[in-house]
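Everything below concerns the one structure shown next.
By letter and in written order, the chains are A, B, C, D and E; residue numbering begins at 1 in each of them.
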Amino acid sequence: MNDMSRLEKAVDTRQTKIAAKNVQVYYGDAHAIKDVSVEIEDNTVTAFIGPSGCGKSTFLRCLNRMNDTIDICRVEGDILLDGEDIYDKRVDPVQLRAKVGMVFQKPNPFPKSIYDNVAYGPRIHGLARNKAELDEIVENSLRRGAIWDEVKDRLDAPGTSLSGGQQQRLCIARAVATEPEVLLMDEPCSALDPIATAQVEELIDDLRKRYSVVIVTHSMQQAARVSQKTAFFHLGNLVEFGETGQIFTNPKDPRTESYITGRIG
Amino acid sequence: MNDMSRLEKAVDTRQTKIAAKNVQVYYGDAHAIKDVSVEIEDNTVTAFIGPSGCGKSTFLRCLNRMNDTIDICRVEGDILLDGEDIYDKRVDPVQLRAKVGMVFQKPNPFPKSIYDNVAYGPRIHGLARNKAELDEIVENSLRRGAIWDEVKDRLDAPGTSLSGGQQQRLCIARAVATEPEVLLMDEPCSALDPIATAQVEELIDDLRKRYSVVIVTHSMQQAARVSQKTAFFHLGNLVEFGETGQIFTNPKDPRTESYITGRIG
Amino acid sequence: MPTYWLVLSLLVLAAVGYVLGRNRALQTAGGDTRALHSLPNYYGLNVALTSLVPALGVLIVWMLVQPVFVDSRVSTLIPDSAVPEDATLDLVMSDVRRVADGLDEAVEQGALTPSEARQLDAEATDIRARLGEVGVALGSDVRPEVLRAAQRYRQLTSVGKTAMSIVVAVLALGGLAWSYSQTHKDFRARNVVEKGVLALLVVAASLAILTTIGIVFSMFFETINFFGLHSWKDFFFGSTWAPNFRGDSELSILPLLWGTLYISFVALLVSVPIGLFAAIYLSEYANGATRSFAKPLLEILAGIPTIVYGLFALLTVGPMLADVFAKGGLLGVEWMTGATSVVTAGVVMGIMLIPFVSSLSDDIINAVPQSMRDGSLGLGATQSETVRQVVLPAALPGIVGAILLAASRAIGETMIVVMGAGAIAKFSLNPLESMTTITTRIVSQLTGDTDFASPETLVAFALGLTLFVLTLGLNVLALYIVRKYREQYE
Amino acid sequence: MTDISHQSAPQSRHAGSLLQKDSRTVRRNRAEARFKIYGIFAIAVGMLMLAVLVYNIVTRGVGAYSQTFITLDVELLESKLDKNGNRNLEEIKKVTTFGYAPLIKNAFEKKVEELGIKTPLKPKDQAAILSKSAEAQLRDFVIANPDKIGETIEFRFLANSRVDGYMKGRVTRESIANDKSISVEQLDLVDQLHKAGVLNKTFNIDFITGADASDQRPEAAGMGVSMIGSLFMMLVVLALALPIGVAASIYLEEFAPRNWLTDIIEVNISNLAAVPSIVFGILGLAVFINYMHLPMSAPLVGGLVLTLMTLPTIIISTRASLKSVPPSIRDAALGVGASKMQAVFHHVLPLAAPGILTGTIIGLAQALGETAPLLLIGMVGFIASNAPDSIASGLLSPNSAMPAQIYEWAKRADPAFYERAWGGIIILLVFLVTMNTVAVILRRRFERRW
Amino acid sequence: AAARDNVQVAGSSTVLPYASIVAEAFGENFDFPTPVVESGGSSAGLKRFCEGVGENTIDIANSSRQIKDSEIEACAENGVTDIIEVRVGYDGIVFASDINGNAYEFTPSDWFLALSDKVLVDGQLVDNPNNTWADVNPDFPAIDIQAFVPGTKHGTREVFEDKVILAGCEETGAFEAFKAVNGDDKKAAEKACISLRTDGKSVDIDGDYTETLARIESNKDGIGVFGLAFYENNTDKLQVATMSGVVPSTETIASGEYPVSRPLFFYVKKAHIGVIPGLKEYAEFFVADEVAGPDGPLAEYGLVADPELSETQQVVADEATMDSNS
């Protein structure tokens, strides 16, 4: 696995980007995340794996405070971004989310044109000085989202009229367009064919050069391919967190081992 | 691959369940499905594969006339179910859809309790004579959807409060509960972890004994594992259709070959 | 109109501020929007709002306070002796204002020079005639002290206006300068602007509370008076509503309440099914063309003046019902004695309320995501099953809102009830008898010829307040129901 | 077929030909068809009622748009109008309308003679077929053109309401048997004048542009000024109720914390919708007139009162449609770093726009047709002011409103007012439809499914 | 705030037509703007009249009844002390049925017997047994009783009760019987007299005369109570009944022969005279002979001119307030 060797070299120089300490999440009375501490490093792809319903999405949404929008959701513990507590009163969640972008598990394009879907982020963050620049950003993002060829002739069509996989890539493009420092991707390739998946993985690898990426995936292969660190969740607990190579080849926890060896896909 | 050998035996005895002839689908002016003819056999799992946006979902939705709900969508050609044209004027799409069930690409649980989500189909079709029977159907279906253990204590919780993968399995359970003759599944395992995937695949194999199953998937492995026939779509065309073993080992069309060999996942 | 000009220049200033703020923000960021904390527009808006809002606020307050202040200053000029015994100072002051206005008008029209206006002498000139020439009518001749006061009034007012202009201008410019100096690429302009907008939103929401307080207060004291004159026992627990002109009337709310509930119930019985089915048909079955003309047409029903419905009830629906149910009617029964009845009014009111239910529900139903429908149809449900079991529950809060709105309207309606249901308060289960409602009694008693200080009139306030409390209860119930059954999609 | 017992075994319960509907499907389809028919029926009922009402309104109201006029040449006698002959306006003004009656009488007599009409009527009774507004019309003319005194000028006078009714067929020779105001001889005269072309029925623009007239002159009454009153009130309502209502809804639905306080506000607002409209009049009188000293009978006050009355309708509908926007849209916006405010204004609000517009349509329709609250702030009654000359005077000078005008007319004794009331309703509806059209077009632009 | 320059009037809708005729003519003949005359009922008018003194209160209240002592007190509390009472004439109240229906010649007893809740039968007070007019009076046709009487909010109702029902009550002797039952309490007996039956034979009309007319049009057997002016404008649809043998008309009412009528008033706030332009002129114009006299437009419209108009003119000219009157 040549990927593995490549990362190991870089490991030491990396800095902690997000540090989560003793995070607990409750949905009403249900304890969805149990005392999770994890450090997400800069210039790294971190993969969250674990059985369905174990709390991956929930934890991911904590990292940019998207859980704020769920009334019954309560978050405890500290999450630090660049050493600053993101749940601090003084923190503007908006600024936080501009820094920590997100691709949701269910593709959710705006009921607007494809162009506007992608242009929305750059517009509100003032990333383009003029129309030409914006066009460029949109095109670039769509290209990085591996969807440009499919939609370049129909940028005015509504984003909701795309196929499932296209919507997913549109959402990736939308998230990339705002140039976040950290990108949280919840199963970004679930509806994608192998080629598109490869392109998105390339994108992820590319993003890693400048940013930090967290990706939730059910595909062990994908985790092994793109990530340098892997966290394994089980029933709301973070069972194991470490270098991807180590997790996949030499898991410490029996639960991790059984999950990984029970692999099929 | 022991799967393969098992099927080959059964092949001859199978009957055509659905026969599509020269099907064309247009979204407004866009030609999404171009002259596709395919025969789906009884007691068979047919896999549709192909790059994202090639028309798999569109074609799948033709098979139980779900495309009727999209205003701008126009279907031409013949689709016969048990020799009867499903686009015939006399055919009641409701009865058709009861026979040809569907699991959608984006999980769409009703904003009702988990129980009601599953009980909905049996109720409208009058499959249960009393509460106890209904309870049994619900439990059975949830078990077959591999989600019973996770939700058995919270059957009253809204289906929308589940995690992405749980929602997907709930939708599978919901579709199974109505006992259709043909089950169309649009990427049923996209949000599932390997273990859940295995359970769903087991379900599919089980269903095949009595019914016919069509499954859209991006995972070649999955297609190879569960299906007996595979159809490869590309840019709205049905490029190749045949025995799964043959498609994966000895594709006739160069496009098929390049798609399959370009495989990564 | 100098105030117009002032407001106009404030707006211009705000516009300038917008441009300045925007440019400065861009400048500090070296022309690169990416270096800014917020979008350039927000910096512009921040400057514009900071210069506009306080200045405008002060302007409004000043304009409210200045007349009071000037009045109090000027009124000291009027000796008690100058106030005619049967008048109050207030009235003299309105005379003063009128003369002052007249002088202004005269100066404006060129009939007087400003200095003439200042030096006019009541003894020497017939001011009434002079002002009459420029079209200002005065009630009587102008007395010298009134003229003096008027001149002082003009002087103070003009001084006040100048001062106001200066203060407002200073504030506006100051706000502009301050916010301009604040403008910097790291300044959190968006947060500031959004806080301002949020404050405006809160103000808007609290207006509803203010209205409620206003309503309660405007009825409270008269209600107290009523209960001072009339026994509360009779009001709440009596069984008869029979006001008369001799006093000692029986004024019980119960028969009215019964009528209100009965008539509203019938109205809802008509409007809810029709409205809901219409909404369902429009949003689920009808094609775009049908929908785009049927919906606005139905909405016209809500805009036809209620007097038309009243006449419709009286002249068409009532006699039609009577032809069937009255003596000698088709059925040969004698259930109805006149054209007016609960059903007459209820049915006609129901027709009026159709669009309240249909249009709002239609919008809400339309907003239920298509994937919900697909999910249900995919299971082999018919469209009607889908609507009943999936779409409607998901749209429930909105539909309940629409029905509540219709019910509210039914409770508040007068003209249709007066003409369609009659004016007799009684308890009866027969829907073909005349009854009346609380609201119509409120209107009747308020607009009648009875002594306004008598319980017969004051009862209107007690009725109003009681109705207010009752509907409050109903609304709490509705809220509870919606909370309980709400289904949130996604 | 469908009800066979639950077997763990094989066949689907939906087996059988698609072309033959099984009994359950047939049953369900019947239910479906019934359901659909209910919908069609509901719409048909609504449409039918609308048609009946509109038909009623139009047939009863069209009469108001034509009016009978009589053309006369009036000699403006100097001896009557300006005894001193110095054209002093003050002195000319001293001649009241009563003083103009003889001029008209003379003119009429002359006309009748000229045409060779024989009538047993005295000149005074002949002239009585003219509207009482004739004198005022003449006086206004003379005051506006004092230099014309002494000349003979042609005037077009209104005929009185009975004559007008006769021309329209409402009044017949039989029906006036007991009528003191008109006699058979006068009707004979009318017939002859009509034949001579002096008396004609023509389109009556004054009905659309004019002001109210007193009970004695139904023929002179018009909707114009009250239309302006309504227009100004609607402007006030639109300018205040829509933004305030939407702002309040946004706050309550999107920003307010969920606690007892917001619950109270929520219940309160729905409750305000149930407050009888006249109570808003009480409130308006107390707050705007008695406390804030705004002028009585002013459209500004009327607009404010109607704003308060309309707010709950707009808030309730806006909240309902905000609620119905799926949360995933908000999530998507927040996820790319939009602030909550931006998410709401950029995404949620446009999607909720149809419902907001519906609320506005219904709220404005209600406000446009409301009389009860206007009763207490002095906008109902006889308010025959002139058309305002500026926006400020439009808002502040006394005026009525269309529904109030209609309501007043409907109460008046002379049946000619009844016709005008319905005519007024036509104008009101045209006004309403115009207002709605804008909103409906906007609404169609915003409608979409997702 | 700019000063108000128009006279502001509010009150009784019975007086409104007359006031509007006057206001219109006033506007035409004077330089003052046309006064604003609001409707809303005597009660609401007087209430606003008594709200205080000042520009934001009305100058004149129209009333179809005399102001009550309690109202004068309430006025005084708000500083409205000097009130000029002006009686403008009388409003005749007539009974009329459909033009094609039966003609009636009523007496108060007929009405009492037709509408009262309880009547005297063979010396016993019983629930009103009369179903048809023939039951009431053999001279009448045997058609169902259906009377449209003003609702309890209307001043007309008071007159109807006092001058017709109560009179009938006394004529038929029921009054004495009620008095006996109520232990000689005259007030209670009066109250019993005027309580009307509630079985649908007597219908309260809360709207105005147009509504009563519409009711008669949809029920040809009905008999309604109208104002004289209203009847005179609708002689093509209505025929009037005599009362005690007298045909109602302005003459018979002015002479007092026809019993059912009531005086109409307006009240002027003296404090506003000289402040509100045109106020006094309007009041004077209203009661001028050429306006309110027997040949004036008001009489033509149906107002029964006040035989003592000249005294009223004097009151206005002198600005004599109510206290100085009494």
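Here is the rule we go by: a contact is a pair of C-beta atoms (placed from the backbone, for glycine too) under 8 Å apart; a residue touches a chain by one contact, two chains touch by 3 or more.
This structure is a prediction, so every number in the text was calculated from the model and none was measured.
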item: Between chain B and chain E, the fewest steps along chains that touch one another; value: 2
item: Neighbouring chains shared between chain A and chain E, ordered by label; value: C, D
item: Most central chain, judged by mean C-alpha position against the global CA mean; value: C
item: Most extensive contact between chains (C-beta pair count); value: C-D
item: Centroid-based (C-alpha) most distant chain relative to chain B; value: E
item: Between chain E and chain D, distance of the C-alpha-averaged centres to the nearest whole Å; value: 30
item: Distance from the mean Cα position of chain C to that of chain A, given in whole angstrom; value: 50
item: Centre-to-centre distance between chain B and chain A (centres being mean Cα positions), rounded to whole Å; value: 29
item: Rounded Å distance between chain C and chain D, as computed from the means of their C-alpha atoms; value: 18
item: For chain E, residues contacting two or more additional chains; value: 1-2, 4, 31, 33, 40, 44, 55, 207
item: Multi-chain contact residues (two or more partners), chain D; value: 14, 28-29, 32, 285, 327-328, 339, 351, 375-376, 410, 450
item: For chain A, residues contacting two or more additional chains; value: 94-95, 106, 124-125
item: Pairs of chains, among all present, that meet the touch criterion; value: A-B, A-C, A-D, B-C, B-D, C-D, C-E, D-E
item: Complex contacts: residues of chain C adjacent to chain B; value: 369-382, 385, 389-390, 393-394, 487-490
item: Contact set on chain D toward chain C in their complex; value: 14, 28-29, 31-32, 35-36, 38-43, 45-47, 49-50, 52-54, 56-57, 243-245, 247-248, 250-252, 255-256, 263, 265-280, 282-283, 285-287, 308, 311-313, 315-317, 319-321, 323-328, 339, 341, 351-352, 354-355, 358-359, 361-362, 365-366, 368-369, 371-372, 375-376, 403, 406-407, 410, 421, 425, 428-429, 432-433, 436-437, 440, 444, 447, 449-450
item: Residue ranges of chain B touching chain D (in the complex, touch as defined); value: 81-82, 84, 86, 88, 90-92, 94-96, 98-99, 124-129, 133, 136-137, 178-181, 210-211
item: Partner chain C, residues of chain A touching it in the complex; value: 92, 94-95, 124-129
item: Chain D partner contacts - residues on chain C that touch it in the complex; value: 190, 194, 197-198, 200-209, 211-212, 214-215, 217-219, 273-278, 280-282, 284-286, 292, 294-309, 311-312, 316, 351, 354-356, 358-360, 362-364, 366-370, 380, 382-385, 387-388, 395, 397-398, 401-402, 404-405, 407-409, 411-412, 414, 438-439, 442-443, 446-447, 461, 464, 467-468, 471-472, 474-476, 478-479, 488-490
